[in-house]
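Shared between the two complexes below is subunit A, which pairs with subunit B and subunit C, respectively.
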Partner chain A sequence: MSAHPASGIGLAVRHKLLPILAFVIFALMFGLYLLLQPHGIQTSVLVTASNKGALLALVAMAQTLPVLTGGIDLSVGAIVVLANCLASNLVNGTPAQIGLGVLAVLGTGVLAGAVNAMAVVVGRLQPIVATLATSTMFYGVSLLLRPSPGGEVDDDFASALTGDVWGVPVSLLLLIAVLGLLWWPFSRSVTGRGLFAVGSSDASAFMSGVPVGRARASAYLGAGLLAGMAGLLLTLIAESAQASAVQAGDFTLNSIAAVVIGGTSLFGGSGGLVGSVFGAFILRTIGDLLFVSAASPLWQPLFQGLILLGAVSLGALPLLRVRNRLELFR
Partner chain B sequence: MLDRHPVPHANRSDSRTTARRRLQAGLSAAVLATGLLTLAPGIARAQDASDAQCFRPGGGTTATVQIPAKKAPYRIAFANGFIGNAWRVQMLQTLKAYAEQPAVKPLIKELRIVSVGTDVSAQIAAMDNFISAGFDAILIDANSPTAFKPVMRRAKQAGVVVVSFDNTLDRTGKEGPLVQVNQDQTEMGRKMGDWLLSTMKNKNHVLEVRGVPGNSVDRDRHDGFRDALKAAPGIQVTEVVGNWDDGTGQKAVADALAVNGSFDGVYTQGGSVGVTRALLDAHKLVPIGGEGENGYRKLIAANAKDGLLGDSAGQSPALSAVALKAALAVLQGHAVPEEVRVPIPEANYKTLVAGTNYFPELSDTFFAAHDFPACGITLSAADITGQSAK
Partner chain C sequence: MSGSAPTSSAAGLLGRLRGADLPLLVAGGCILVILCAGATVNGAFLSPHYLIQQAQVASFLGIVATGAMLVILLGHIDLSVPWTLTAGAMLGTGLAGTAAGGAVAIPVALAVGALVGLVNGIGVAILRIPSMIFTLGVNAVLQGLMVLYTGGSAPPSTAAPLVRWLAGGHLVPGLPNAILVWAAVGLLCSLMLRRTIAGRTLYAVGNRERAAYLNGMPVRRAVCGVFVLAGMCSTGAGVLLTGYSGKAFQGMGDSYLLPAIAAVVLGGTSIMGGQGRYAGTVVGTILIVLLQSMLAVLQMPDAGRQIIYGLVIFCMLLLYGRQRAAR
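The block that comes next holds the complex of A and B.
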């Protein structure tokens, strides 16, 4: 923190302070969990942790994009459930059918994102209200696609993508691929940088010639795509689907929590997807710690809340070194 | 209030240190065999003749689950879903209290309970963790009837016994040893229909207060109720949605009374206290069938003489204890029906006895149907709420 501003490494650390902090917290918590594990580090333990972590990480990444622009997407959970319900009907049969099914599911995610983008960018509705409305709509479609829980999903395909290769969980590799092949190039493009500019100050961004509308729209489209991926992963984990409004709400709330823990400002303009990934893994590790701690069941929600509060508070630590006190009110 | 009296944390010996020395889950049985030597002679009595009455087959199948006996004591895990209502809290308290019973305690080396909330993937992960940690049996109150197919495959590979209860699973026929413990929801609805038909003076117009839409329990109870009413052709039924919730039910019934004037009888699937209060507020006391809340039974006992001829039958939180009992029975090598349908605990205005099947000193949200005598599960209300002196 006290590194000289001119030093390159110091600057990089300062810029990435929150994601790094999130990573350290996660590493400590997960290390503690593995230490307390009765059977030590087994592949099955890592695969279990990676599957549920990657699922929430995808939803958190989806949420991060609109949040970076100063908006929010309350429909990410509903898009996950929508993609889940669609995938439970389509991801089955011959390899070609499975491939088409996967594309259709991801395409539906993008389409749902496009509806949000239309409402927010073209319709100029407040994101919080627009996405609340569309989430109900998406849930309605899910209910039509899957009126009662169930579905057939190809066993081998599901097992392969939720298993491991040489001891490395496949879901973790997929997550890294999404970050490296989608987010990394995008965040360096003009539109990608526009996300941050719009979130910091949309007026100045507009005056500087940033494509404000395109940046905003891309945030919601990207959110739809990532939430669609999450829905696909959920389908592979559960090999079935359920049009559950509770589950949708659960995903949305947890994604916002992961975004905050990962160091993305809810006011927009600063943060990133990598932090949110660690935020999601931190949230999931809280549950794992309860597993090894043998806490009494009625105390578990309290412990969970305390750890969560601790994680969020650590994320707020950089506020203490703020130079201009007016920034506190932003 | 019940919720403020959590069962004190059980001081179980920490099995973690011994467990860590183990190299593989496969070794755990052998280690357990050489483990605790506290196999009291009382164990045999824990699974006595009452089992046949308790483990009654249902759900249209008489198939049984039987595996070679494993050596006690066992490591049991419970992957609970959410914990946020009085029923769930009492369910957990009952499970812990039952595990502490002198006849049961020596059979259990460890009872690990994790509540994961409403997220399906977290509950699947919890089950995976329990399988990796080498537990002998896993209890589950499932967040989804269908999402556990893959994890059930892994449980089968590891030879873990799974007992689901309350919210049970859809059977695929490919799972390993799986026992499902529940009450017959259709039967419960039918009982209430029969009760109203036998108690109502006029059989013209009945109010049905339904539960959470889209839920299988709501559907089954509704089907059973309507089935029973077929015995009285021409009876008119008004349906409102009460979400099994006191507030929602009270408002829905108040509205229905305002529109329809009065009914000859009422059936509510839940939120019975609220529904009954709506009747009391409107001074329209009629025969009623409802759930098993203590507060509802208190109201019946107080107002039966004025016409509130009530019947109360409900989903008992003690299902968790029956599930544990079933898991222990399977591990001991007994044959247990795949689908256990425990008897429905029922009481009406004639059979209500204070301190036995309702508790004037306990809160309204306590579920009065708190035990299953047929299963040898006879915990006192004090045992469950943790108010016992010891």
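The block that comes next holds the complex of A and C.
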């Protein structure tokens, strides 16, 4: 990355500049939101914000893994909806049944991810079109599972996971656990390093003996698992499910936006899950800020769009450093 | 692809099939299979009336797919299709009450499409933002503008007479004009791709942007131009759709983005850009429309319809959408 050798804190900061920037922007915006919203700083306000943020953050994390390899998963939204529909049928009854239901939901997410992984790694299809096709299939299965909106979830389980422990939202703890227990060890493994290598240069990674296929497959499997978790969380928050193609599309599109705002390159090879989490929280807070601001509801979609467009346009800033115009073209 | 001398006829044939004709043959074969399957279930499936009706439905998707194909040939993608199309439709109906029987709606919609495309082009070609995310942002902005324009509900007015005539009238008896519009758009696009410098530039940029730039081609202008054309295709299809269905509504463009991309890819255009023929897009469009229509005729529940639809696209991709292994 850097042209001259640097060490210690300077290097660490430069390496993590984009996630840090995303965090600062989020902190400022969330502070503003807390000031503007009418309820004062209460646990309930934090819990609601955390639940909605964690939901999008999980989907954004799911999207980040394939994007790091230079691919994309347009089916994450459909997997979320699929897991949502399944969870609304299964997460109920005795504690053992609930536990099995949760496992089944997460397993379904992994299975959906496995279909994508097979398509991309074994089938050698372009991720963008392959996941487009699989998302239609996943949506079809969701319709089978839940032809009409509704469903039931165990109340205690739902309120436990969407509530708070000593004032700290459980969903936030869940998010930290996923980052610390799943992503941190994985990103330090050979396969995890392989994600970045494959995204930087497929051919070089292969020549260097990186397990290219395994790295790429793990990205889509991981995306399936995280999207499954998001679907579960969605079910616990909403306490119902709906097989909605619009909702699936919104999740997918917002996840891509969150990934970009979080500083992960859509060309692959650089970025990370932590940035995407902040990207997701930024997106959510924009919506909340518009909600509490005095802006007329009719203007809100336009503001939201303009902010989104402006945020992604910040990606043009590195152009100012380009000396040779040839570098612009790929 | 086209070797100077026929080295080994078998290998040459296979190479040719892989190059361009395999997608056309497979997609064409699929169309025949669908027609036969449809005919065994319901005899009316092969009646001229039904087929012409399908062609009319296909013409809207076909025009959108034309724009999508041009963008995909560059190696980019245009995700702003849904609300660009809706914007065209809403302007089309919104201006229907004005002078000259609402004829002004068509040029206004096309101009708006060109403007949207220009914004997309500037973001992608000059700011160098990945097209997938920039066009997504533009889509969100357009949605906001249209919510503001219509006050959040469907516009009350209906399409102007001229627009209705263009979509559903019969200049040639028995043939809806929408098909003629699609044919004209397709002919122009096909001529541009095959016969003009612009078309050659487009393929060159799609194959390797850097090489095209070093060869002195106006790369940025080409990218901007293609997005402008794609925007005009989207709004044009939107206006035409209001002439067919009579009204515009929120979210009417949502069902055109993915089918258009699927039609282009099933027609053999590489999603990486630089490779593909317009004839393939036409065949892909017809395939998608017939597939949707047959699943509807079979009175399949929506769930099964979605699964089969995705499965067919998936299997066809496996037949000819595979990349070379990275070694």
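The rule is simple: the second predicted complex is superposed on the first by the 304 of 330 C-alpha atoms of A that agree within 3 Å, B and C clash if a C-alpha of one lies under 4 Å from a C-alpha of the other, contacts with A are read in each partner's own complex, and residues count from 1 in each chain.
In this section, contacts are C-beta pairs under 8 Å (C-beta built on N, C-alpha and C of every residue); 3 or more make two chains touch, one makes a residue touch a chain.
Note that the coordinates shown come from a computational prediction; the quantities given were computed from them, not determined experimentally.
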item: Fit or clash - subunit C, subunit B, common subunit A; value: clash
item: Which superposed partner A:L234 touches (first subunit B, second subunit C, both, neither); value: first
item: Contacts of A:G31 with subunit B and subunit C, given as first, second, both or neither; value: neither
item: Partner chain(s) touched by A:R124 [first = subunit B, second = subunit C, both, neither]; value: second
item: Which superposed partner A:P149 touches (first subunit B, second subunit C, both, neither); value: first
item: Touching partner for A:P95 - first (subunit B), second (subunit C), both, neither; value: neither
item: Touched partner set for A:P301, first subunit B, second subunit C, both or neither; value: both
item: Subunit B versus subunit C as contact partner of A:V246, first or second or both or neither; value: both
item: Partner chain in contact with A:I256 - subunit B first, subunit C second, else both or neither; value: second
item: Against subunit B, colliding segment of subunit C, chosen among 148-156, 202-210 or 292-300; value: 148-156
item: Common interface residues of subunit A - those touching subunit B in one complex and subunit C in the other; value: 246, 297-301
item: Touching residues (chain side subunit C, partner subunit A) in the complex; value: 77, 79, 123, 127-130, 132-134, 136-145, 147-148, 151-152, 209-210, 212-214, 219, 251, 254, 258, 261-262, 265, 271-272, 301-311, 313-314, 317-318, 321-327
item: Complex contact set, residues of subunit A against subunit C; value: 72, 119, 123-126, 128-130, 132-144, 147, 202-203, 206, 212, 246, 249, 253, 256-257, 260, 266-267, 297-306, 308-309, 312-313, 315-316, 319, 326, 328-330
item: Interface residues, subunit B side, partner subunit A - complex; value: 6-10, 12, 14-16, 19-20, 22-25, 80, 83, 89, 92-93, 96, 112-122, 124-126, 128-129, 131-134, 143-150, 170
item: Subunit A residues touching subunit B - in the complex, by the definition given at the top; value: 36-40, 42, 44-45, 47-49, 51-52, 55-56, 149-151, 158-159, 162, 234, 237-242, 244, 246-247, 250-251, 254, 284, 287-288, 290-292, 294-301
